[in-house]
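The same chain A turns up in both complexes below, where it pairs with chain B and then with chain C.
Entry: the complex of A and B
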């Protein structure tokens, strides 16, 4: 009697476990399938310009599209001469430059918060960084178009250079740097804080000064986590559209590395005009999205490979 | 609480750095290059501007424009003209404000009054065209169409048009004072469909108008299908097309009617609004007037510096 009661209980419990397992599985399947749905839709729409004749306009040449130095030659809706080569280059160039600005500032801020600042100051700074990280990108864009454009315009005037209303690579880089600093700071700070105290104490015991310890031991031990913050930072820089298009200037042709010249990124070219266009000019923006996804994927693979090379020190 | 206070203080100190006292008086150097700002090729304002200055091929092609132009949207162009002393751009008249300088076009200042008296040239007319009386799917549709056209000429309709960015014709009549003449609006028209079409530039204005007018006229159904100004005539009065499935009850054109379109009796066509576009420059710019030819030369790169424009 008692035994059969127990079996019934076990069976009931097992049934419930199985049920919940099914619920978890379906939740996972739903969330994971979104990536396939989204990638699928972008793929289907983005491939149209290359495989169909676009209602008489003619198909887009893939090689010319990827290497081209002019966004669109000829008349919109009647031309298939699209090219994004110069935009791919400027997108990577901008992401790299913005990382050059934001990475040192972000990591040093993280070091300050985690190791140097008094506890109360560290607490408030951490809050500030968290607030900054949660500010929507459009706000950074408005800040950029309201203040950074003017600053860059006046700055270039000082050197007798006539910039185009401040719309430039430099403005984009500054806006993106401001956006990515909190991301880099927040993640680096966690990495720095989780460095084993024993390593630090060992360094101090050997006679190294606090500054020497911070740079040579703490940062070196946390380098894996710090590198991860750089990867996330560059991801945010590559994917940002709104803020960028407010200060980029909408360049439509020509490779340019002049930081005071106008520019376009893959995201800004997708965004501009998207709302009012149709046909090939609409589908081609999905093709740009495909290119962007490939660029981000490749960048991440390369950075992760480097990260593995950089290696890891045991942290708790 | 204190944490948040510190955060706010920190953030605001950061903002004030950017708003420091403005720099020394800027002096305008006419030998500097003109920076050309434009909307992108999908913009109706760009079409209106380029056609207005006699440069229609530039309305849908970037390749014919001067090298090194910038593509920005309406607000960004306005904003750019407060920063870039040597820039030139164009926006619709309704968005011009005191922070920039609107150029007179062929000697006529860009004001609402000059648009309405038809002296300011850089503009498009928003016109409507109706089917012949008795040529509607039903008498109710005809009644609603006539009521709608009457509504366009009221102050109520004018407010909607102005809010949608165009310039309504002056009016003193209110809808309340004339609605008695349109008994059809007192009935329930929820099953009646009115078909509107023609210019896609007018679509936004037309949709705003029908959205406002529906509840005033028995909640009829407004079916918008805007395909281009040419279809305003074809789909309401062209015998070969008007009775097919694409036929319309009201057609809109964002230009003056011309050619065979003028054979339609005058009572069946009229104007609801103007859409005026203004070339804008920085306030420090000594230029205050531009001809169509000058604007075209700036946008195609013939005129490179402001000195050449001032000559």
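Entry: the complex of A and C
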């Protein structure tokens, strides 16, 4: 009697344990499945303009879309002549330029915080970087729109160049650079800190100065982590939308590498006035999203391949 | 010897470079703060938080039977404020957000007939004249109207010299952000209600239950992949999945706060899972073994021993989530929409504070002043959250070391 009561209890408990395990498991599975939901929905919606006739407008030519030099020829809803070729190029160009600005600054700041600065200064500078990292991107956009546009406008005036109120590739690059510096600094600093002390001591024992050691040995040893920070930085630059849209100027056609020209990025063109929730004007944004995801994926693959080539120095 | 000098100069130069680079972060932060405060401090006041964004215009007349009051003001006025004793109302000159001269109401006596005016439009409710409303014109029966461009003094005098007036046109104060604040609060509450249980549940599974095998690794890396997706892509997903879903299930007709909160939940899941898991990891295994040895079931152990010890981590995750919700803009533009509203409903379009900034900055002309004021509020909240997270983790670390 007693024993059967106990087994019944145990069975009940085991059932309840299994039930809760199932609940927790499903939470994990749901969380993990969203990546498929995202990829799936972007793929499905983004492919519609290419494979259907878009309610009589006609299907979009994939090759022309990817290589096109005009966002839209003709009238919205009545034209299938979309093209994002020039936008893909400007997006990559901008991401690269912003990395050229933010990477050296970010890495040197990280080196300063980790190795050069006195402890108090390093501590407060780390706080500054943390605060910068937590400032929402829209505030950077506002700052860019209020200050950087003006600076760029005055700068271009110096050369007798009439820029469109400062809206330009240069402005976007600067806004993205100041946004990515904290990311690069934070991750590079961790990498620099984790460089094996023995490597450093070896260099110092061989007669190198502290600065020489920092630049030639520490940075080289931490290059894998530093490279990872660059990959993250470029990811952030490629995906940023609202801040960019405030300073890009909304270029509608034409390849341009002139840093004082207006521009568009894959993200900023997506944010431009969506009027309908059906039809080609709606779906084409998903196609742009699809292109953006492919661009990010390919960039990551290429950079990771380079990172493997650059190789790892053993770090603790 | 000379090579030594050369080496020293190179070292100095390189060291200088690191100083220079580091100063850029500092300068950037300082100039952002100086910029938003410089542009935005003028508009910071309590009214901003409770006012509507849209300013409404009214044409009104005296209510039937109400008359001038000849009432004394119960306060002293500064220079530049003109009081009409006969009507119990005071005006002053002011400048609106667009830089135009306007006449503003400074004071309305409790006995003034302006406390209850009759709307000449469709409204039947009596309307109250409040301070900070702007007067456009007062029309009289027997003389030309007093217009706002004549200034406050003339308007007050004209009014004081009349026994009655035909109609008064005025505007309520606009430029408030009450609607966006409510939307942001709704978003925070709804998102946390959805994301915290799922996120914590997933973290518990991964840390407490999951076997070490391929399946767990795949789940983990799939969740990790979510962190790399740009927020605008989340926005597209919200637009294509959650907006139609909420339109089906509720009275919503387009983007709405619920679909926005669902989208935010997906964005936050990896952050919540990672932070919670980190705090679960540091709960010592002895606790679990002791609880199980005492005869507690697995479920009891999880809820009564493991999770209570992980509360600082879950709190940190919550604070991080709130910060992200307040700062998010691109995803919400798609998932909720970008039209600034004053009457907020869960199933209607509206803007969070960050999207409010974006909408105003993409308008012509851009309203940098009010945007900066909102930016001050956002930065302030984000700083506060950061400090709280720091304190929380400091306490947590202390406890960990104390053991």
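Throughout what follows, the second predicted complex is superposed on the first by the 286 of 316 C-alpha atoms of A that agree within 3 Å, B and C clash if a C-alpha of one lies under 4 Å from a C-alpha of the other, contacts with A are read in each partner's own complex, and residues count from 1 in each chain.
Please note the rule applied: contacts are C-beta pairs under 8 Å (C-beta built on N, C-alpha and C of every residue); 3 or more make two chains touch, one makes a residue touch a chain.
Just so you know, these numbers come straight off a predicted model, no measurement behind them.
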Sharing chain A, do chain B and chain C clash or fit in the superposition?
clash
Between chain B (first) and chain C (second), which does A:310 come into contact with in this model arrangement: first, second, both, or neither?
neither
So, A:204: does it touch chain B (first), chain C (second), both, or neither?
neither
Check the residue A:8 against both partner chains and state whether it touches chain B (first), chain C (second), both, or neither.
neither
Return first, second, both or neither, reflecting whether A:72 touches chain B, chain C, both chains, or no partner chain.
first
First, second, both or neither for A:298, with chain B first and chain C second
neither
Identify the partner contact of A:185: answer first if only chain B is touched, second if only chain C is, both if each is, neither if none is.
second
If you stack the two complexes on chain A, which partner ends up touching A:51: first (chain B), second (chain C), both, or neither?
neither
Just checking: does A:154 make contact with chain B only, chain C only, both, or neither of them? Give me first, second, both or neither.
first
Per-residue contact with chain A, leading partner among chain C and chain B
C
Report for A:164: first if it touches chain B alone, second if chain C alone, otherwise both or neither.
first
Touching chain B and also chain C: which chain A residues?
128, 131, 143, 145-147, 246, 277
Give every residue of chain B touching chain A within the complex, in rising order.
2-4, 6-7, 10-11, 18-19, 23, 32-33, 35, 37, 40-43, 57, 60-63, 68-73, 76, 79-80, 83-84, 86-87
Can you list the residues on chain C that touch chain A in the complex?
7, 10-11, 14-15, 17-22, 24-26, 28-29, 31-32, 35-36, 39, 197-202, 204-206, 208-210, 218-219, 222-223, 225-226, 228-234, 236-237, 240-241, 243, 254, 266, 269-270, 273, 297-299, 302, 323, 326-330, 333, 354-355, 357-358, 361-362, 366, 368, 371-372, 375, 378-379, 382-383, 385-386
Can you tell me which positions in chain A touch chain B when the two form their complex?
70-79, 123-124, 127-128, 131, 143, 145-151, 153-154, 162, 164-167, 246, 249-253, 262, 272-273, 275-277, 281
Chain A to chain C touching residues, read off their complex:
13, 16-17, 20-21, 23-38, 41-42, 45, 104-109, 111-113, 116-117, 125, 128-132, 134-143, 145-147, 178, 181-182, 185, 209-212, 214-215, 235, 238-242, 245-246, 267, 270-271, 277, 285-286, 289, 292-293, 296, 300
